[in-house]
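After this come two complexes, each holding chain A, first together with chain B and then together with chain C.
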Partner chain A sequence: MNIDEIKNKIKSFLINEMPNNDFELNDSTDLLNEWFLDSFGIINTIMFLETEFSISVSRSEINGDNFANLNSISVYILNKL
Partner chain B sequence: MLYEKLILSKIKNNSDLPCLWLENDYLSYENINNICLNLSNELLSLNLSKGDRVILLIKNSPEYIITFLSLLKLGVIAVPIDHNSSQDRINYLIENTNAKIILYKIDNKIEYDISIPKYEIKLDFLEKQIFLDNKKLAQKNSEINIEITEEDTAVIMFSSGSSGRPKGVILKHRNLFQSASNVSSVMNFSDKHKELVINPMCHSGGWQRIPATLIVNGSIHIYDGLLSTIGILEDIKKYEITGFFSTPPILRALLNIKKDTVCENVKSIKILEIGSASFSEVEIENLQKIFKNANIFIHYGLTESSRAFILDTNKYPNKLKTVGKESPTVKSQIVDENFNFLPKNNSGQIIIKGNQTTENYWNLYEEEKFRDGWLLTGDYGVIDDDGFLTYLGRKDDMINFGGFHFFPDEVEKELGPIEGVKKYTISGVKDLKGVMGQVPAAFVVPEDPDNWTQKNFIINAKKSLPSHMIPRHVIQVPDLPLTSSGKVDRKNTVLLYYKQ
Partner chain C sequence: MSILLNNKSVSDEIREKNNSKHNYKIVFSVLSIIFIYMYFFTQIYQVIGIQSPEKIFKNFYSIEKNIILDDDGNLSSLLEITYANNIKYNNDSERLVFFVILALTFLASYFSKVKYKRIFIVIGTLLVFFILFKWNNVLMFLSMHLILYILFHNKNEKTKYISFLPGGMIFLAFFTNLSTNITFLQIIYSILTSIFFWLYYKFLILKLLDDKKIANILRTIFIQLTMITIIVSLIINSIYGYKWIIPVGIFYFFIQWQRLILYHIEYKDGLIPLDLSLLNYSIVFFNPATVVNCVDGYNIGSGYKYINNNYLVEDKNKIIFSGVKILTLALFYLVLYYFFTNTIKILLEYFLGVPIFLSLEDLLKVHLKGKYLHTSTVLFSTLINQIEWFFLFGGLVHFKVGIWRIFGFQLNSYFDKPWLATNLMAFWTRYSFYFREFLVRAFYYPVFLNFFKKNQKLRIFVATFASTCIGNYTWGHIPEIILVRGLETKNLVYALPRWPYFFLLGLGVSLTQIYLLNKKTKRKPWTKDRRFILDFFYAYLTIQFFSLIHIFARPTRSSSLWDHFTLFLIGLGIHL
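Right, the complex of A and B next:
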């Protein structure tokens, strides 16, 4: 799986499962401050990533760097595969 | 007054009693007292005096607790605000409370335009030093002697303001102490209690556990970082946490994780408190299977009257559909629309009085909220012969289906979890045919949207609901929006997904 495929899957999840009419979702949209409406955004996203990519996310990896935007999550996932 | 009961009284017997943890280091009650003394003295030098308002724009952190306690010591009124608040809300609170300063600690990138002096609070945990705008505060040994009584206001907590402008709930030192005392006594907190704080302390639900822990000489660990179920489980196990408070969505997320994994991590939990939204009997029983060593408590309350009712699920396993009995000092009644007290087993509006209950709002007189010393909650319920309250729902949420009156929470409790459905909520929507006024609608997030049909939902609903409660519309949605306190935001759900 390449980075664009990963990105598209995550993007599709965020748009369909957590719609946010106030912002446009692109590679650098600030997810923590703009896209997620509450703390459950992270909880749900982690559950999706673990299921979709068959990975295990550890506590130390759940941080503002990895979850900053679509690009950073995709790079993080690619490195885990 | 409250400060003495929470902190000062503890120091006399044991100067090294742990109070606040950061990983494996802790600040003792004596350390906290010293830091609060330094901060209080510095705040005095900013010309703050008793009765002044100070806005706390501080994320969940040791700084939040230390700042709150320091203001209690001075008799200055804390006005907490969510650290992710909009500029508009901050402006409103500054103006409404005529606040003198803002004390802040935030880590997001939002730049606020603040019209009054602002000071950043920072704690060096290991050095036990507090900083105000990067200035290290000098060690002070002289006690502050400001006379504070239990009738002085401690905090103004603003409601999330789902309808109209936020309302400031005035809570006195007496109110906070009573709530804390109720929590710790009914839930049997011991001096070994180690609390994990995961909910925002700027709301009543999250904050009231702090004084409840301090009263019994317990200690506090604050969840740090982005909230995740993995993180919660890890903290519980690593720091041997004995209790926490949560709203239902987080617990539902935990119920979705492999049971063995959760069981393994939560062995140390002895007290689990659930509040703020409805939780079905089946869900409580599922939690009991996971939190095997814990007693689970359900509460009913609002910022105006925190934890007014508490259910001890171990003690009353046959009352899981209720939210328990009156807390100490609480008196309650059910009234009809003309304020007549109703006999047991009749539904009507819940009214409350008690030591933990507010008597008025800040800068606002609401005639329909207070009468003859009672707080009119705007919530509907029924009290049974044994004194247990069944919560029916918000007056605002009541569905009027062609003359049948009922509440979304009632429907959700009866339905419970549904196979193939990740989550759902019930709300009244306008009857487009104009016949019934309103009809019940279900907004459903399926587990597998491709292999799910509305029909399945209706079949389930027909099995457990009387006909008037069966949803007339079943609307598949990608997610349910939440309020800042973690409840499903029904109004927004309808606005987002129901095309009228």
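Right, the complex of A and C next:
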């Protein structure tokens, strides 16, 4: 799986499961400030990532670097695969 | 949670740039707001010969009881300095000392370069501590933190020099009276203790810290010293009846246990540099804001990373002005809470025609006497009681956040208009942001990331319940109550009957989480559309639920769990 495929899957999840009319979702959209409405957004995303990519997320990996935007999440996933 | 994740640290060059512009209007505004606080909360009005706050209030409002006023003409509030259970000072004088040093520390910090700012903040904190609690307690507080520092940052080259300090400091703190006199022999003893401690650290502790497992055990024991002390003290108290009165210096260290736990979590997650300097360590735990009423909102600015990442991230004047604004808001809360709640009470009694009680204790007393209580009485009394607490708690934590901000830390508000929350989950975030953050990192994540991965609903429910009920009860309120009231089993007995409150809160938040899991909506609450009115209804329901379950949070000696339960049922419209 390459990074674009990962990105598309995550993007599709965010748009469908956590719709947000106020912002356009692109690779660098600030997810923490502009997309996730609350903490539940990250929890939902973690559950999706674990199921979709068969990975296990640890506490130290839940940070601003990995979850900053679509690009950083995709790189994080790619490194885990 | 997402809010705490989203900051990245800025370089020292950017911090220096953000610190370079001085604005005298900002300085004036900070000093002015500190002076207004001094006027309302100290006796400075006598010194400068102006009207007391009491006289001004009485021009506007008839106050029957001394609810918001001291007996000396100024305001009584949660802005207490001393809360340790073995020391009594005049609180007005304490506040005066605090505000004067706060102003001086602000000035020193404001006009200094970035590398000196933190030094002034730490010195200012210690100065408050020294004047209020004397040398012995300063040394106790410092030595506890120094031990913690050398246990965690043994990789720092300077640690071998720092490890020389705690031994002598502990000796001076516990075995001398530095306020009166100190003998030559005591100085010799303190140096010998320092050498002994240094040798002990160098030849034993450092070797043990090389082993990861042992190092982790040692660090965990030190971080959990608060809980260990409470448990051991309660056991000793129940067997021998002995009650240990914690010295203030140790008390202030213990009361920071949530901050300590978060520090440990971040350390284990690799978020704190192993060779962190002592000064950068100190800034997490030493701030004038942590001295004021150490019992409420002591976890503001928890963790190293969050504090470091929010330090001088933009022009200092902008951050400081946001601090002035929140300090002003805090003042309104602390000054006007009684007028606001009392006015609502009068209006409700007029329109509903039923008695409303400002105090839950008064409500319970009437219930215990067997008198009939209308459901509206229970609902609105609990609601008003909670609104009053919103003002007091909000005022206090806004005050603390304001102090952090005037020193250049762009911290989030602890208390963010909880009345706008349209569900319990949102309420929990808005009501106690930093405490929730502690619970999420210490309880939610470990459960969520390790258990029930195949059943998402169960996974979320259990993780939420573990944090909002179990974590909140055991690692939040019980240690707090026992630390503040004293290390006696009777205080454990006092704390334990509150469990239904935590159970109902945990259940409510957990079920809300499950509900939100399945809910997909593009609409944000308070959007002005046809569902706008429903937001009011949901907001009321949320706060009313939170208010009503507080019936269980105020147990008294004369009431049983059944009494509280039947009162709770009346709130639900069920009269047994």
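Everything below uses one rule, namely that the second predicted complex is superposed on the first by the 81 of 81 C-alpha atoms of A that agree within 3 Å, B and C clash if a C-alpha of one lies under 4 Å from a C-alpha of the other, contacts with A are read in each partner's own complex, and residues count from 1 in each chain.
We take it that a residue touches a chain if its C-beta (ideal position, glycine included) is under 8 Å from a C-beta of that chain, and two chains touch if they have at least 3 such contacts.
What you see is a predicted model, and the numbers here were worked out from it, not measured in a lab.
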item	value
Touched partner set for A:42, first chain B, second chain C, both or neither	both
Partner chain in contact with A:33 - chain B first, chain C second, else both or neither	both
Partner, of chain C and chain B, that touches more residues belonging to chain A	C
First, second, both or neither for A:8, with chain B first and chain C second	neither
Touching partner for A:17 - first (chain B), second (chain C), both, neither	both
Partner chain(s) touched by A:63 [first = chain B, second = chain C, both, neither]	both
Footprint overlap on chain A, where chain B in one structure and chain C in the other make contact	16-19, 30, 32-33, 37-40, 42-44, 46-47, 57-59, 62-64, 67
Chain A-facing residues of chain B, complex	108-110, 225-231, 234, 249-250, 253, 256, 478-479, 481-482, 484, 486, 496
Residue numbers on chain A that touch chain B, as the complex places them	16-19, 30, 32-33, 37-40, 42-44, 46-47, 57-59, 62-64, 67
Residues on chain C engaged by chain A in the complex (per definition of touch)	1-3, 5-8, 265, 268-271, 425-426, 429, 440-441, 445-446, 448-449, 453, 456, 459-460, 513, 516-517, 520-522, 524
Residues on chain A engaged by chain C in the complex (per definition of touch)	16-22, 30, 32-33, 36-44, 46-47, 50, 56-60, 62-65, 67-68
